[in-house]
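Starting off with a structure, shown below.
Order of writing sets the labels: A, B, C and D. Residues in every chain begin at 1.
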């Protein structure tokens, strides 16, 4: 039977994904302490539910940037989905569409913005941007996403360089170097024009050069805001001071995230970082969270601590590996179901009520 | 030899109960985190015992709704006891009677109110009500219990819909759908009259429709109070605010419970929830607790934190599975013995003194 | 080689002591949670050592009731030592003497006061009293100890009835019923005169009847004080209020103890109970501690939290099992050595300094 | 492949180092609780990283006693490195030199000051002093180090006597007694002149006599300061009061250390001790830390809590065992790389910024 919970999903996926690729997806940076607390920190929090509340008119929908979604979750950007399944983003975007869940496409996706857009024209899609040192490549990708009907730009700020990932070093596995994740680059005119030559090696070398961008700073954010009419969301905020700066910079939304524990080991879990950021943001812009969301109760806890919605990463990637589009749909069906039950049994008739649920340490 | 402690009871029972039924009994909702803390949270509390106290006149009796019981514990309502043993509630009620322990019969019991009553006419029995959407069925069952000499109505408020139980989904096991637990319905005239047809499928479908009752709210409680002269106890309270509302609604007793961790994962353990509720209730009505009671020291801790008595769930179900009525009696004999010793060795000569025992974190 | 640390001692001993007897010695009451925290609670405390302190004149001696001992530890009373080794108390008292460590003999020892005294005439011995319901038996034993040159009476107050010991119930093992531990009774005239008949069964039955003494209270303590000129020490105090009452009753010393976790599960560890009691006692009478002492660092921690000395239980019993008198001596040699090094490396040149060592949680 | 992280390093090293020697290197004092918390206490701390910070001009260099080093770490003094590899200190000092990392040579090294100095003349070397009861031997060694171009004296104060090391007792392993670690003594005229006879036994006996120095105190420190023009660093401080005395004594630097958990079990981890000491020192003199540093994130945490640099112990010893000089270099290459990435991904462009990184418990 199709696995129900995360640990079963993960172990089933480990049997169908080749070893090094599985290691890339599963693992975290360094000693995987942050990966570990991403889930265990949820367990430290307990919900104090309310009853006799009449939740028969349960409504789990959220509104984000003017659009309504039936569920309070999105799909996190995950690069190079071909590592998990041939159909990669095409399968995921269709599964997401079937549940009216927004899909965030990665810069380093296996299919290009245009291909993904074509596969699921009507559905809600956001584009995740990894900055390019050649800024014009960044703006070009953003423009392509805008033209393809994407509805938001997600700027990931925690990956200015690759984390220290021992599993990948051990497996000598570097997907970008093996040619994964280049679809958006080789379909980008600005990128292609910037190349001395268009052979595979030059392309890969140029991607590597562009994607290592330690200089990224708030000036780039300001310029990005000018270059697009789409809402700009920053992904990877963990410090309340950065949340403050983001709002000052006119950012439209924040994703509290530690990149699923993949970038820097020893950093705070996103659920632990959330309350201080929520206090800073204070409802002024949408606040999302990912890294470690595995169950309906995690959704309740994140909402209760101030998130407006959450994002799923590895769970849907494992669903993809196990069954392509259908696999992702099954994961989403289960997650949707558990989330609804969890909200109702916490006494929350809707998302606004969920944000008032009592937690205790 | 008959197993002494819970983990031995559980593992012995796992060998005599069929797999899916055992999974149903043992398991908790979601990731079973609440099931887990139900017991581990007791371990975080330590008793600071008193000595040289003269406990030779030890008295472990309690008074509830005008009746005195020799032990400070009751039997929690557990549905479909035929899953554990053919004799089901009939065995349990007789075992309870032999120890003068009140038995709370579930709405979804394997034998009807009338059958249970007949099996043990003189003993103390309470009736646990799962609300029916067709309110008249609820009132009808309550009236039947009252007529059969039951002494209290326990309204369970945490099961407005079924929790997310992965073990059961994995085993494709739904006891209600398999026809377990219908005795009280098929013996209820109001229920039967409400049916389009009385074949098995219609009965089961009607039970499922009635038992999913997310609309339950305080208005129903008020009406229930009017419909019965028995004390009404609410089972499943975890939030002090709900305790306050219960008292305002004229409720006669509260059972702090998370349904043995079976309904909603990620919620607070009942022992952690207890102190704040005890503070709110402040002795105005009886305060009971279940979920995770396994030993005499747990009883002392619950009393010290404000409970007037506790309830046992799975321990007696496993006793039932292992030896029918006799098995339940053995579990009760051991539990009674350990409870008495624990109270004496904590320095408490009676239950009133137990409520003053010092705990330390 | 002879085992160095507790876990090696315990596992070696488990191979030479018969199963039920080993279970009796090793186990704790109930779920053994208190047994477990007796050692793990020490690990929660960390010493913050001082250096450059000149500890070349290290002095680990203590003074108790006018007598000086070279080491800050004693041997706890342990009943029925024949369960561990034929030579029982005779071996232990001689080993203790060779290290100038006071030996506390149990009421239910395998050899009588007079036999033990004869085996090691000059050394420091205390007598531990289990109260007898027939008070004259209690006073008679106390008088015998006094006459035999014992130097203190230790009244154990936490064993008014036997704890709930599952290991022994499982093994159907009750050493008193099997005739162990009667030496002090069958050599006591008052006891013998109280018997209807002197056959084995009557003796054992009378011991069981006398040793179950839930009525013990402060009045008995006051009377005991009158009946002996020896210092009276109460063993088993865990609540600061009881420490206060002990001092008011004129008691000469206190042993903070939970009986090695054998009497009541779920109660506080003695090291956690110590600071509040030390605050109450405030140096007015000697304050000792047992239950969980396993290493030199435990001694430093207990002293730093206010104890004047500590007692060893199971460690020496396992030494006895492994090598009789010589086995106990080896345990003491190692413990002495580790204690000295630990005091020096904490920066404490003597016991007074040890009581000022900084701890941090 | 060459192992990446500490646990792989340790298990690989266990296969190439003889059992007793490996036990000597790996183990901690007593029950190894301090050894354990040395690493787990780092995991209790979480970094709250900053982003969008422009870290392209990353600079991980530090300045110590007027000299600049490219990395914020040094190599801890480890005695008798021949236990790990024939080339011992000669390999390590050259590996350290190749990375411009200062090497601290132990008093009980396998090669003498002069040999080590000759092997790597230009590189930065410090000399770690174990006090000799014959003070002139201490001063003589210090002078030899000064003449050989060593740049600081590190006085270790936590080893006035050997800790209680069960692994070594079990293995009957005492490297000093087996003749390891005497190079600095047998090349020291003052030491040789102090001997009655120069045979092996006399040498070893004299080393043992001199190295047991419980009388060490602040007077010796004051005298030492007078006898050398080099900066004097005290290694082993854990109590803020000792840090205060060190500064009053004119000490030039402090290493917060518990000797890798090898000396006294049950004492505080160095990372837990750090903040109070940093508060006391308040930047007046360099503050270093070792014991438990395993990863780049540990470096960030130590700097954030007030250290100016950290030291590595066992990690490089295992590298030495696995590959001599090259093995040490590989360990340093990896550690350097992980440290750089960790600083950048915490948002710290240099060490000064690292000291302002936010941590959360």
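A few comments on the model shown:
The rule is simple: contacts are C-beta pairs under 8 Å (C-beta built on N, C-alpha and C of every residue); 3 or more make two chains touch, one makes a residue touch a chain.
This is a predicted model, so every value here is computed, not measured.
Of all residue numbers seen at the chain A-chain B contact, under half occur in both copies; the interface is built from largely non-matching residues. The distance from the centre of chain A to the centre of chain C, with each centre set as the mean of the Cα atoms, comes to 61 Å.
Centre-to-centre separation between chain A and chain D, using Cα means, comes to 43 Å.
Not a single residue in chain C touches at least two other chains. Taken as a graph of touching chains, this assembly is arranged as a ring, one closed cycle with exactly two partners per chain.
If you check each pair of chains against the touch rule, the ones that pass are A-B, A-D, B-C, C-D. On the chain C side of its complex with chain B, the touching residues are 30-31, 33-34, 37, 157-158, 160-164, 166, 169-170, 214-218, 220-221, 236-239, 241-242, 245, 263-269, 272-273. Residue ranges on chain B touching chain C, taken from their complex, read 1, 4-5, 42-43, 45-56, 58, 294-298, 300-301, 337-338, 341-342, 344-347, 358, 360.
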